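Presented sequentially are two complexes of chain A, the first with chain B as partner and the second with chain C.
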Partner chain A sequence: MADHDASLPSGMVAEPDIDALLQDAIDPALLDHSDTDENFSNEDVQRLTTAWTNEKQAPDLLPFADQLVGDLTEMVQNQAQMLDAIQEDNTAQAFTVMLYQSEIERIKYLLRSYLRTRLLKIEKHAMYYTSTEDYISRMSVNERNYAQRYRSLHEGHLRKSCLNKLPQAVQALDEMHGDIPMVPEPNLQSAVICRVVRDIGDFAVTESETVEMKKDNIFLVGYQAIRPLLAEGHVELL
Partner chain B sequence: MNSGTHGIKLIAEAKRTARHLPAYNEALVQHVLRETTHQFSRLEELLRTVDELSGADPDYTRRIAAQMALLHANVKWNKRCLLAYHQQRVAFLKQLFWTLGCLPDELREHLSPQELDYFSHYILLINQYKGNYVDIGLTASLIPPKDLYIEVRVVQECGEIQVENGTLMLAKNSQHLVKRSDVEHLIHRGLLEHIR
Partner chain C sequence: MTALPTFTLPELEFLAEDSLVTLIPTHRMDVLHFISGSYGPFQPPSRIEVPLWLARLLKKKRRGHIQPPAWLRCAYLERKYEEEQRQPDRFSALPSRYMEIANVLLECAEDDIPQSHTVKRMLQDLREIRQSKARAGLGAINPIYLQMDNLGVVELNEVRPVFCQAFNQTRRLEAGSNDAEATATGSTPGMYDESLKHNQVDYGY
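Presenting the complex of A and B:
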């Protein structure tokens, strides 16, 4: 019975009301306030989404989107403050606030997922990344700190748990096994799926193979081959 | 001596760790450590013999060289087994942290003192990094948010909690429509159940 009561009014009243609420909600003062902000931020969100999917799909660590993360974190703060200031006097305003809050939650999710994807990658190859100049420069200051500390925590643990009890000569963590290094490296040969963002023309995918890359084409290729294109933003990973 | 078999036991245990965390096998670890140390000293011994005998009898030297190669491979093998075992366990611990946020009591006794230490240090490390992005809530759920408000049922008594605008009494079996970000950590720990 209680269940019935709860679902019926919301199902009946909320639906037709949304349009009206939206109309009311587009209060000129509010809109003015956020118009420029929104256009600007939407582009940022789009760019972060691209950076995030790229990061998720690329086998190695990509350069940190420093500016983007900084701007968006600041925006999330500002928006939250702005919402705090708005009085929820009537339904329309409450509705607007809810829309904004949902948007903020989504951006926060994006940022969170982006940062965590990177942390995970950094942990996985902490030893390699912290000792390779190129990758050190791809990390943010915070990530660099994190990588260093994580590495020493991890190595310390392995030493305390077993290595220290082995003869000195076999304690190293970075020796070679034949020609295979003991420090795992990201596999740059792995295959990725990428979408071409703008016309590139003929592109050498392997030494012997060239394909014509047109806008919106989708390719399954070796990551190594398209690395320069990705860095330039000519392709995005899917 | 059938060397290498204990190392492979470690690997088998490590493989099982993918799903759950068996108790830290101190005895097996110690055994492999002893075996490795023993093999290594045997290796050094042989090395000295070869030095002393240098050039005496090529056939004999070759036999010793073969023994040495075997011992050397064994030492390295055991070392890698040990590392893989410990590595796999801390990987599990880290995953535990990201999904639960804490160490369940029943697992506590499965850990070695070093692993307990590792876990608490790892939490510190994450919190340090998290401090740089306070507003984002780095350790919050990684499920894309669909709705701002969700309906939850209280599975375990939580008492009064702080929410964005005031406090909320979460008595067992009651149902509430709440802001997702306010109660996410409670859902995570299984105190609340997300209904819709």
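Presenting the complex of A and C:
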């Protein structure tokens, strides 16, 4: 396999030159820093991406990223309007318009995926979420309406197709059976895979076990244990 | 207990396309003001860092070449492979989305990657050796936690269904045996010591 290195004689020497390799890959002199003031970056897209991946892997419903979804929806609309304006008075810009359009499509996809992931989770535990104060506050107004309607449709169906024909005593949908509730709840003990975003130090994953969590460590762990870390953004789900 | 859907490969590629790559433009272009940030101006032959999705579009329209990342070179991949062989109990460090990025680059800019055939083969070798290590890691599953440093997102996604289910099952068994032993012997140290030992090293098998 050694002959692959013909172009990279220094590449084979030892461990430390991995950094050197990476270094010369991005020669700072060749990167353009001339107008850093004109260039900006907006973290919102990145934040929504994280919100989506977290939502997708968390067993229960996370708080709705209200601000983020609102802001990005507005930015997408503004950008789309701007593109319409450009297109009207300048057909030569078709290429750049296409590039901008591509980004808009990406963000729209992200927004849709995020909302769809949440609806899926809401449908799965509609009865539980709509009857628990904490989770009601985690939903947007639209989601709350959706959950309510989904729940009443579902209950209506159960009653019509079956429950109404049963004795009154067994018609309830939300009884306790001993200490086991009849309404299914998301399993907060279930396993998730998370990456540590910043150094946390020793963290108790169970009552008797602590583990040192350093940036970029990856853990398979019970969701309940890292829930507070996730809420603070100290870990992200993968 | 139905599991939530894991990510599909296209979804993972979508996520990886936000990673920055180095582009060598061949055409002049003014600064582009995107929602997620602005990039440019594009002044050949100055290199510029842009998100992968943009680089892919520009490459497709012949507006530039992509400079493959340093880790996508034969020498580097070969060293990583040797590292994997030397350390049976852990994974060598690679960008967490290396597989998706490599996939996209090999698809859209194969002509920009030196020795692309060898690169492909070595990626495949690397993938296989890591995959078999990851699978062997299943033996280290315990009801507390498992450290899986340096596994890529695709690799984690692959082992997720089995690993998570195994974790949940051992947890249920643990809970069951605790109840049983509380009435019988009243202690569980044997089981705990075993799992503790596994926790010390990432993937202690």
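Quick note on the criterion: the second predicted complex is superposed on the first by the 188 of 238 C-alpha atoms of A that agree within 3 Å, B and C clash if a C-alpha of one lies under 4 Å from a C-alpha of the other, contacts with A are read in each partner's own complex, and residues count from 1 in each chain.
Note that in this section a residue touches a chain if its C-beta (ideal position, glycine included) is under 8 Å from a C-beta of that chain, and two chains touch if they have at least 3 such contacts.
Note that the coordinates shown come from a computational prediction; the quantities given were computed from them, not determined experimentally.
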| task | Pick one for A:115: touches chain B only (first), chain C only (second), both, or neither. | result | first
| task | Figure out whether A:76 sits in contact with chain B (first) or chain C (second), or with both, or with neither. | result | both
| Now for A:218: first (chain B), second (chain C), both, or neither, which partner does it touch? | second
| Counting only touches as set out at the top, which of chain B and chain C does A:102 meet: first, second, both, neither? | both
| chain A residues touched by each partner, larger count belonging to chain B or chain C | C
| message | Going by the contact rule set out at the top, does A:63 touch chain B (first), chain C (second), both, or neither? | response | neither
| request: With the two complexes superposed on chain A, say which partner A:177 touches: chain B (first), chain C (second), both, or neither. | output: first
| query | Where on chain A do the contacts with chain B and the contacts with chain C coincide? | reply | 76, 98, 102, 106, 109, 113
| note | Note: in the complex, chain C contacts chain A through residues 1-2, 4-5, 7, 11, 14-15, 17-18, 22, 29, 31-32, 34-41, 43, 46-49, 53-54, 57, 61, 67, 69-71, 73-76, 78-79, 96, 114-115, 118, 141, 144-151, 153, 156-157, 160, 163-165, 167-168, 171, 199
| request: Over in the complex, which chain A residues touch chain C? Could you list them? | output: 1, 4-5, 7-8, 11-12, 18, 21-22, 24-27, 30-32, 35, 38-42, 44-46, 49, 53, 56-57, 59, 72, 75-76, 79, 95-96, 98-100, 102-104, 106-107, 109, 113, 121, 124, 187, 189-193, 195, 205-206, 209, 211, 216-222, 225, 238
| remark: Listed in rising order, chain A residues that touch chain B in their complex are 73, 76-77, 80, 98, 101-102, 105-106, 108-109, 111-113, 115-116, 119, 123, 142-143, 145-146, 149-150, 153-154, 157-158, 160-163, 165-167, 169-170, 173, 177
| note | In the complex, chain B touches chain A at residues 29, 33, 36-37, 40-41, 75-76, 79, 82-83, 86-87, 90, 94, 112, 114-115, 117-118, 121-122, 125, 128-129, 132-133, 135-138, 140, 142, 144-145, 147-148, 180-181
